[in-house]
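Next come two complexes built around chain A: one with chain B, the other with chain C.
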Partner chain A sequence: MDLYAALQAVINGVLTGALYALVGMGLALIFGVMRIVNFAHGAFMMLGMYATYVLFTHTNISPYLLFMVAGILLFALGYLIYFGLLRPIHGQSDFMQILLTLGIGLICTDGVLLIFGADYHQINIPLLGKNIHLGEHIVVNAPWVVSFVIAVAVALGLYLFVMRTMIGRAARAIAQNRYAAPLMGINVFRVQAISFAVGIAAAGIAGGLLLPVFYIYPQVGDQFTLKAFVMVVLGGMESIVGAALAGLVLGVVESLTSLYWGNEWALAVDFVIFLLVLSLKPSGIFGRQKA
Partner chain B sequence: MKRSHMVAALVVFFVSILLPLVVETDYALQILFRIYLFAALGLAWNLVGGYAGQLSLGHAAYFGAGAYGLALFSGKLGMSPWLAAAMGVVVALACALLIGGVSFRLRGPYFVLATIAFAEVLRLVAKNLAGITGGDVGVQAPALFHGNVNRAFYWAAVVLTALSFAVTVAISRARFGYYLMAIREDEDTALSVGIGAARTKLAALLLSAALTALAGALYASLFLYIVPDQVLSIDVSNEIAIVAMLGGAGTVLGPIVGSVVLESASEIFKNVFKEAHLLIYGMLLVVVVLFLPEGIVGAITAFLRRRALFGGMKAKGVA
Partner chain C sequence: MRRLVRCFSVLLTGALVLCGCKGGSQSETGNTFKIGVITSLTGPAAAFGQAHKNGYTVALNDLNAKGGVMGKKIELVYYDDQSRPDQAVQGVSKLVDQDHVPIILGAYSSENTRAIVPAVTQKQVPLLMPTATADNVVETGSPWAFRICAGSGAYATTTIEFLKAMNAPKSVAIVYENTNFGQANGQAMDKAAKANGFDVVDTEVYQASSPDYKSLLQRVKAKNPAVIYFASYLLDASTLMRQAAQVNLNPEFYTSAGTGFAAAEFPTKDKGAGPYAEYTFSVSQWLPTAQWKGSKEFDEAFLKLTGAHPAYHAMEAYASLLTAVAAINKANSAQPAAIRDALKAIDLPDTPFGPVKFDDRGQNHHPVLITQILEGQYKVVYPADAAETKPVIPTPPWNKRQGL
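Right after this comes the complex of A and B.
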């Protein structure tokens, strides 16, 4: 029996982890590849959740379609924020970026708090009542599976964007050498703006996919900011795939921690692992580069 | 410090001490307490974040250590409140040794992330070890003062600010302060000229943590009751850093000016925005980064210097 409980926890962890992975991959692109320290990442995920939530309550269209709208909205927001706020301070120290994005995150979170109040909400879709039985002992909730499948598809798309498109290649070229890249005809600001927007759209999409299976409140994104950084560091900074794997690992670790020690320790275990990796192996678990 | 500056500082100090003779409402005294408390916190943070350039976003750890140290050593072990407050400082120093030991080896964003992660771990431990800390229900803190408490706490906050200010002035003029600034400007060069960067940063953090813990104990004792999401929350860390950055990190007066501006602004906006009052912090952060990267004091100093230079040139007939 105990084995089944553990197996169930691992499966739940993988399902959660795929959504984590999407948030983490977005930050891997923004922070890992482009070195923009984005402390508002979780807040953007929260905005994606609220965008989907508002659209859902007004149109009653499935959140499994609306997440795309959230992604587009967040892409536009990311593009504007890059050119309006981040570009003016490019070249300044990391601390300035940290303080700026911290401020943007606070504005997003408390702006939403002002508009929607501090209450917790949860949406109700018919799919929530359905469970899928795998054998006798393992049960998974259907919306988690749907969110998982879409998250994997989006993650794959993000991977292809970074590895195969011109913009993705250009972004990695800028990461390798930000002085040589413009000499090769790369428009650094445009590429960074698009990549930043794509990374934020990924967080927004993850928020949209999280909505059916999670509850929503203005501070919901806060813990995801630090979690996303944990994933990027565990994944070895510049590796998009590393961040995705780290997301899955984090999901499973949290799930197993909840099973054996209790839900309240899950976040603490994340951070302890993070601190251990930072101090013992700063190149990350999956990474080769030095952090 | 010039003699005129010294006189000005003493005048401000004595006016602050005498202020409760004029201001008598509890509400006003509590706001003034908050202004001085965060001025002291900003000054303490400034030693590490300003002079040494190590942006800590985890000072809630030391604040919470002071608060919980006071509450637990007095509540669980029956120590007298002042001894318990001292033990809170000891706990904060232990935290600083651990946090500094690990995070000072990291640079840039990794250092910042490590400080946040440490404070978050402490918050979660305080939440989850309910048997010791009372968990989310919280724990009672003993009163450090009796009688007219609002006045007494206000005076204590003024004294703590004066102490932090004196420490800052002393450091900004001492060799130690120049070591810190050298590390901020270029750590590798500082190392190459023989500055023990790790030891110097750690010394600054220990001082900073001790002052922060005293402020935490004062805060806990005024409210008589603490919960982890209040004294160990990341909002506390952010507020401390914003106070110093807004006023001017790495300046002697910056954190005091920052606290006056931020705490009065947030008091006004608390009435307008209610629970969403952090909105004002966010906006101030964006404004500071985009328009006042040197903080209020830094911007004023730069303006005065420019004017002095320009005026001087005009007098000589250059411009």
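Right after this comes the complex of A and C.
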């Protein structure tokens, strides 16, 4: 295995990792910052994929524009779900949230199953056949590059939202002390609703971006829910930058594992890293040690 | 907490009431003859489960038009295993204990079929397996399991015979998914290749339904095999071939253990790999152009029902129901043991799927064909007496292909 193969694997890993990162950042905001245990995260990503798919088949507009519509739809859905379902169980045990979000996930998956059937679908865009040659040895598939660029832009936007906007600051304030925050004039429910919706929109956008190079079926999101939790923990729970880096790391590690040990080990290595980090550095690779 | 408990109890009561209703209505249908079917109507294997269902439906319409079985109309009781082995096992209990079916057809995948063999053996109900190719489904020693299709061993040996007939260079890489189907076919090829002097230069096992196999394909490329043998389901078959083009992997022969590479959807642009499927070889058990009596009629009836031509999975389901009903007629009984004995002795010389007769292991010796996708169509290229056209070899490299 020469150096070019390794370099190629790293590039492929980064391209996949950027999409992981977006999914992970969404969950970092919801679970890491807002402490809402969201087991429906992958299901929302799946909804983003289906939304993009339906819009694409009806309008024939490029999925690289339609992902925005999917994001907006998912934002609205997230907002409604927060006020309709999550707020009523506010303050109750995490166990209730787990049951509720698991239930929401099941309803999404089975709802899609009822409407679209269990059959899988894929879209065909001309870009799919385009490969970009970087030098003699490195090849990248164009749709992955486009997805990567958009994912990075959205991730940057998400970062600015959390770090620079009033709502982002308020969300972090709530995370620091959920009792003091309302005393400072923060509307906790509104801030949480918006943050939850933004996190879900991020998952939906990642889904929309993955659609052109993948395929969809109702359970497609399931594998991403677990991955997203791994990223949030690796990233140090409260840090959305940490989750994003963890996403990139997972992408590259999977790709390199696949190259050197074989594809069957890729998932196993993910979880070995997860267990090691949990036991050796529970605050996450990129997390700060708490005093 | 109390609210939660109350919620649960209401739900539980509701569920019990519903179950009760269902059970009652189902045991009252006395004028139909029930046959159990387990297949994957939902989940990743749903495309094949649907093919099964369509094949069964064509057979059911045919048979009922001819008067059903033992003077009763045939009723198929479906159980959807959601593409999961644990669900398939539950299906056996449900079909036998609640619906009292005397014979079960299924499941779709080798994984799920292997899981239900012990269950039917314990319940003492015959199982007719339409599509499971892993040979371990007939190697349990169970006297209740019968398989109508050819298995992984026959796939591998036929592929090797074909390669030898084509004077292919003797280096092969095997790529398979880590399920019962993949392992059985991968290992069968390993054995057959080595027995025939082929050099197995690489073996890759992969996790199904991943978005990225480029690193795996790079590993294969580094070993530079002349032949690649894939054992994959449809979704991965499409991803593998697209990404094979991206990493510019150019073996002389892309061969495969059917399934994903033999699905009717695989050469299509909307649901498969489209132009990336071109030139791939696959084993096949049956094609609409097969010379067996009734093949053409089945193709026409299937086309009328679904608007598409069938692949061999649908035919295997069709032939299974035909065989099951022939056995029930022969036994002239609705007792599982009597039907089992009839299956053991059955000899159907000309079904649309060819001759059906089971050996001591419960295996039907079905011939295997090799097909190649040419201009989006599956064409039989081997054995010579069944070939429709000559194969295109070696496979043109990706950069010399048109229309990608």
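Going forward, the second predicted complex is superposed on the first by the 287 of 291 C-alpha atoms of A that agree within 3 Å, B and C clash if a C-alpha of one lies under 4 Å from a C-alpha of the other, contacts with A are read in each partner's own complex, and residues count from 1 in each chain.
In this section, contacts are C-beta pairs under 8 Å (C-beta built on N, C-alpha and C of every residue); 3 or more make two chains touch, one makes a residue touch a chain.
In this text, all values refer to a predicted model and were calculated from it rather than measured experimentally.
Enquirer: Clash or fit: how do chain B and chain C relate after the overlay on chain A?
Expert: On the shared chain A, the partners clash.
Enquirer: Is A:278 contacted by the first partner chain B, the second partner chain C, both or neither?
Expert: First partner only.
Enquirer: Look at A:118 in the shared chain and tell me whether it touches chain B only, chain C only, both, or neither; answer first, second, both or neither.
Expert: After superposition on chain A, A:118 lies in contact with both partners, chain B and chain C.
Enquirer: Contact-wise, after the overlay, does A:152 reach chain B, chain C, both or neither (first, second, both, neither)?
Expert: Neither: A:152 stays clear of chain B and chain C.
Enquirer: Taking the superposition as given, does A:128 touch the first partner, chain B, the second, chain C, both, or neither?
Expert: After superposition on chain A, A:128 lies in contact with chain C alone.
Enquirer: Considering only the touch criterion stated at the top, classify A:215 as touching first (chain B), second (chain C), both, or neither.
Expert: Second partner only.
Enquirer: Classify the contacts of A:267 with the two partner chains as first (chain B alone), second (chain C alone), both, or neither.
Expert: In the superposed model, A:267 contacts both chain B and chain C.
Enquirer: Let me test your reading of the model: by the given contact rule, A:5 touches which partner, first (chain B), second (chain C), both or neither?
Expert: second
Enquirer: Once the shared chain is lined up, is A:138 touching chain B (first), chain C (second), both, or neither of them?
Expert: A:138: touches no partner chain.
Enquirer: Between 8-16, 26-34, 170-178 or 206-214, work out which stretch of chain B sticks into chain C after superposition.
Expert: 26-34
Enquirer: Which residues would you name on chain A as touching chain B in one complex and chain C in the other?
Expert: After superposing on chain A, chain A residues 96, 113, 118, 262, 264, 267 contact both chain B and chain C.
Enquirer: For a test of understanding, state which residues of chain A touch chain C in their complex under the given definition.
Expert: Contact set of chain A toward chain C: 1-2, 5, 8-9, 12, 16, 96, 113, 117-122, 124, 128-129, 131, 139, 141, 210, 213-215, 217-220, 223, 254-256, 258-259, 262-264, 266-267.
Enquirer: Can you list the residues on chain C that touch chain A in the complex?
Expert: Result: residues 4, 41-44, 46-47, 49-50, 178, 204-207, 209-216, 218-219, 222, 235, 238-239, 242-243, 245-248, 269-271, 274, 404 of chain C touch chain A.
Enquirer: Quick check: in the complex, which residue numbers of chain A touch chain B?
Expert: 31, 37, 85, 88-89, 92, 94-96, 98-100, 102-111, 113-114, 118, 222, 226, 229-230, 233, 262, 264-265, 267-268, 271-272, 274-275, 278-279, 282, 291
Enquirer: Chain A touches which residues of chain B in the complex?
Expert: 53, 55, 57, 102-103, 105-106, 108-110, 112-114, 116-118, 120-121, 124-125, 127-128, 234, 238, 241, 245, 273, 275-279, 281-286, 288-290, 293
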